[in-house]
Amino acid sequence: MTLRRDAMSIRILGAFGVALALHAIGTALIPGYSAPFAIRAMLVIAALLAVASVGQTLVVILGGIDLSIPFVIGFANVVAAQLYGQGWHFALVCVVVFGLAGLIGALNGALSRGLNIHPLIVTLGVGMIVQGLVLIWTKGFPSGSAPKAVSAFVSIGGHFGPLPVPALIPALVVLTLLILLVLERTPYGRQLYALGANPGAAPYALIRPLRIWTVTFAISALFAALAGVLLLGFTGSAYGDVGQPYLFQTIAAVVVGGAALVGGRGSFVGTLAGVLVLTEINTLLIGLNFAPASVQAAFGAIILLLVSLYGRERHFRTTV
Amino acid sequence: MPDMMNILDLTLKPGAAPFSTGLRAGEILGLAGLDGHGQEVFLRRLAGLERSAGGLEMQGRAINAARDAERNGVVYVPRDRRSTGIFPGLSILDNFAIATAGRDRRGVFISTRARRARYDRWKERLKIVAPSPEAPITALSGGNQQKVLLARALARDPKVLLLNDPTRGVDVATRHVLYDLFRDLAAEGMALVILSSEIEEILVLCDRVLVFRDHAMAAEMSGAAMQTGSVIAAMFGRAA
Amino acid sequence: MTRILGRNGFALAILAVLLAANLMMNPARFHPAAWGTLLGMAAPLIGAALASTPVILAGRGGIDISVGPVMGLVGAVVIKLLFLGAGISSPFLLWPAALAIGAAIGAFNGFMAVVVRVQPIVATLGTYLILGGVTLTILPAPVGPAPDWLKAMAGGWSFLPLGLIALSWCALTRLPFHGQLMAVGSDDRAAYTAGVNVSLVRFLAYVLTGLLAGAAGMMLTALIGSADPKVGANYTLIAIAAVALGGVSLAGGRGGLLGAAIGAIDIFLLQSLLTTLNVSTYVLQVAYGAILVTAVVLIALQDRHAERSPA
């Protein structure tokens, strides 16, 4: 009986199907929806969201949630621009940005698990502190820019060898494979699922919950920082609130991709499907000339519809 | 037989009477007592999961924390399969290998072949009846889940195996498979400590029994002295 | 009783310190005669924190992040559609309308979370986005004014809705529902086995949250004296922070409205202290975060200590 696994695959396939259907609707309704440039733009936007969602996926498999992602994105975005603008070597900038991000994430995980505080509160509080400190440091007016290489890496008009997409897209494919390997074929990956599935059994199976939480939240922050740096290349200038749309979008992508917020279930492929669905919805609604307010409302309604169709939880009675 | 563990003046609860005993290699030691009279605390103490006054050492090395137990080959199998045993949603193979996942690593990644081979050995020895190792653990009967959990513990090569009511909710046929297994393991030199809520089980299986009352050892019996009546009498605090 | 005090202890200690600091730094603003005004200024946040509490108490990931947008929508509907549009100005019509909007949205959230069984944070995220969009469609830009009686409630009269909520909650704690809510929040399986209708209790918690969010929306409208589509949503996360600060466990089943209110007052006092000190909003943000993290860490340490020494 591989029912659970099959149900999971069906959810993921379903999400990809929804993305395809949305794309077909867009192509039918909006001229130029499937034009090469439009598809490239969608791919890049989706890829940026995918990078930001890596950490949320891992944290949700663990049974947690990370609200600090948008703040860490903004932190990395602003700090990288500022330091690079001051003439630092970009490698050194990355060491500082990713080092600090890793520490922020580790603090999130260690506090949440070590003291048994809901990660929602810890990551929210830590995120607010981080954002405030960045604002104080830049006095609210960040400056600086990204190196050309980063901009080229994410540019919608970019090329990767003969491929008509920027290097970000093939890099994301490699990253996806790597994440799959780590989740499926390393002790860390298996322990992550196990701990999410039943925290009570973990200590008897030589799983160290504190270590896994610390590492996983650190990874989450590292990918948020990566998204922040890539966004710097994408938009060209630093903006502290650049991560804000990602707060709920990462959660929505993970859930639309079939992960359960109670932990133990989820996959990065599912998240990718969720990312595509969200990107298609956004592009479609904007393409249909909805006002931003209506786009937002329709976005919410569609997420609810999708999740009620295939993101339903088991009845708690079945867990008695 | 050489001594495996030495227990010296252990106090399971402030105010409870201290007691001393030992554990030999190849021995099956039974723990009995009315619910909540300290036998479970004692078992968990052996695993380093509880703190207490008094000493516990294994071949000269003190065991005070779960880490010490882990390093010295002391392995604890908890009682409640559902809340502290299985990882629901994960495969049988994952549930088996999770505590020893590092051993299947070839380079950076886990070799599925090595993991499978390891599982197959235990599957045979424990007579696990499972459709496919990739099936979720929840697809198995209670008895087979318990066998997978035992396989998980045995894969750690324990010198001392601590079993908290290992046959709870397990069918009769499986029980006999487990009894044979426990005897074989003991014959190979492993020390087993079995907490059971069924006195008959202890009498059938164990070389020696400790009866607990009020968080202290009320009686220690072995050989011909181990009788249902005397064990029950000790449980209720009456002289046999 | 000591337990209840204990859970609120840190929030109360922070409250005392902040109140003293405020009194010293800005005696004019904190003169007893001005307490009514102060209460009016704190009322929306207190209301939002109170509203966020019932679903959190109900446990199993219960949370309502649509509380802020409900507040925004209430303002938009009451001022733009009912008062300015339809010319209805009676408090006896507008208040029930606000509460009905809140309760209806709460019922929708409850339906999604309990019957359709979408994870609460996702269900209410959907509602959050929908309400934000609807509010902006009804009310693209701020309009005013609010009816005079409502503006008057920004002062000392804000005591009226808050006091009514407090009284109703006191009454509620004497009903079986309160016990059932706490039982469901701390262990729903046990509650279910004991014969509690877990789904119904959870659903009612969402309705209660919506109802309180509707009231909070009126308090917000009273304070700003008009309707503004943008301010409501900001209250969501800060209200949840206030709830946590007030010792309500996000795992459910522990805490109450009193703690949430104290948590909200703490945040308000912090705001006003830092405004008095004329520090930038950036420092304010760091202070929010730091106080929130410190408080939950201290509460957790206290819980841990309490578990170690049950006496």
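Things to note:
When the chains are written out, they are named A, B and C in that same order, and each has its own residue count from 1.
Assume a residue touches a chain if its C-beta (ideal position, glycine included) is under 8 Å from a C-beta of that chain, and two chains touch if they have at least 3 such contacts.
Because the structure is predicted, anything quoted here is derived from the model rather than measured.
Note on connectivity: the fewest chain-to-chain touch steps from subunit B to subunit C number 2.
The chain with its Cα centroid farthest from the Cα centroid of subunit C is B.
Between subunit B and subunit C, the centres computed from C-alpha atoms are 50 Å apart. Centre-to-centre separation of subunit A and subunit C, using mean CA positions: 29 Å. Centre-to-centre separation between subunit A and subunit B, using Cα means, comes to 43 Å.
For subunit C in complex with subunit A, the touching residues are 60-61, 63, 112, 116-119, 121-123, 125-137, 140, 188-189, 192-193, 198, 237, 240-241, 244, 249-251, 280, 282-290, 292-293, 296-297, 300-301, 303-304.
Within the complex, the subunit A residues that touch subunit B are 1-5, 181, 185-187, 190-191, 193-194, 197-198, 200-201, 203-207, 264-265.
Of all the residues in subunit A, the ones that touch subunit C in their complex are 65, 67, 111, 115-118, 120-122, 124-133, 135-136, 140, 248, 251-252, 255, 260-262, 291-301, 303-304, 307-308, 311-317, 319-320. On the side of subunit B, the complex with subunit A involves touching residues 66, 70, 76-78, 83-90, 94, 97-102, 105, 108-110, 112, 131-132, 134-136, 138-139, 152, 156.
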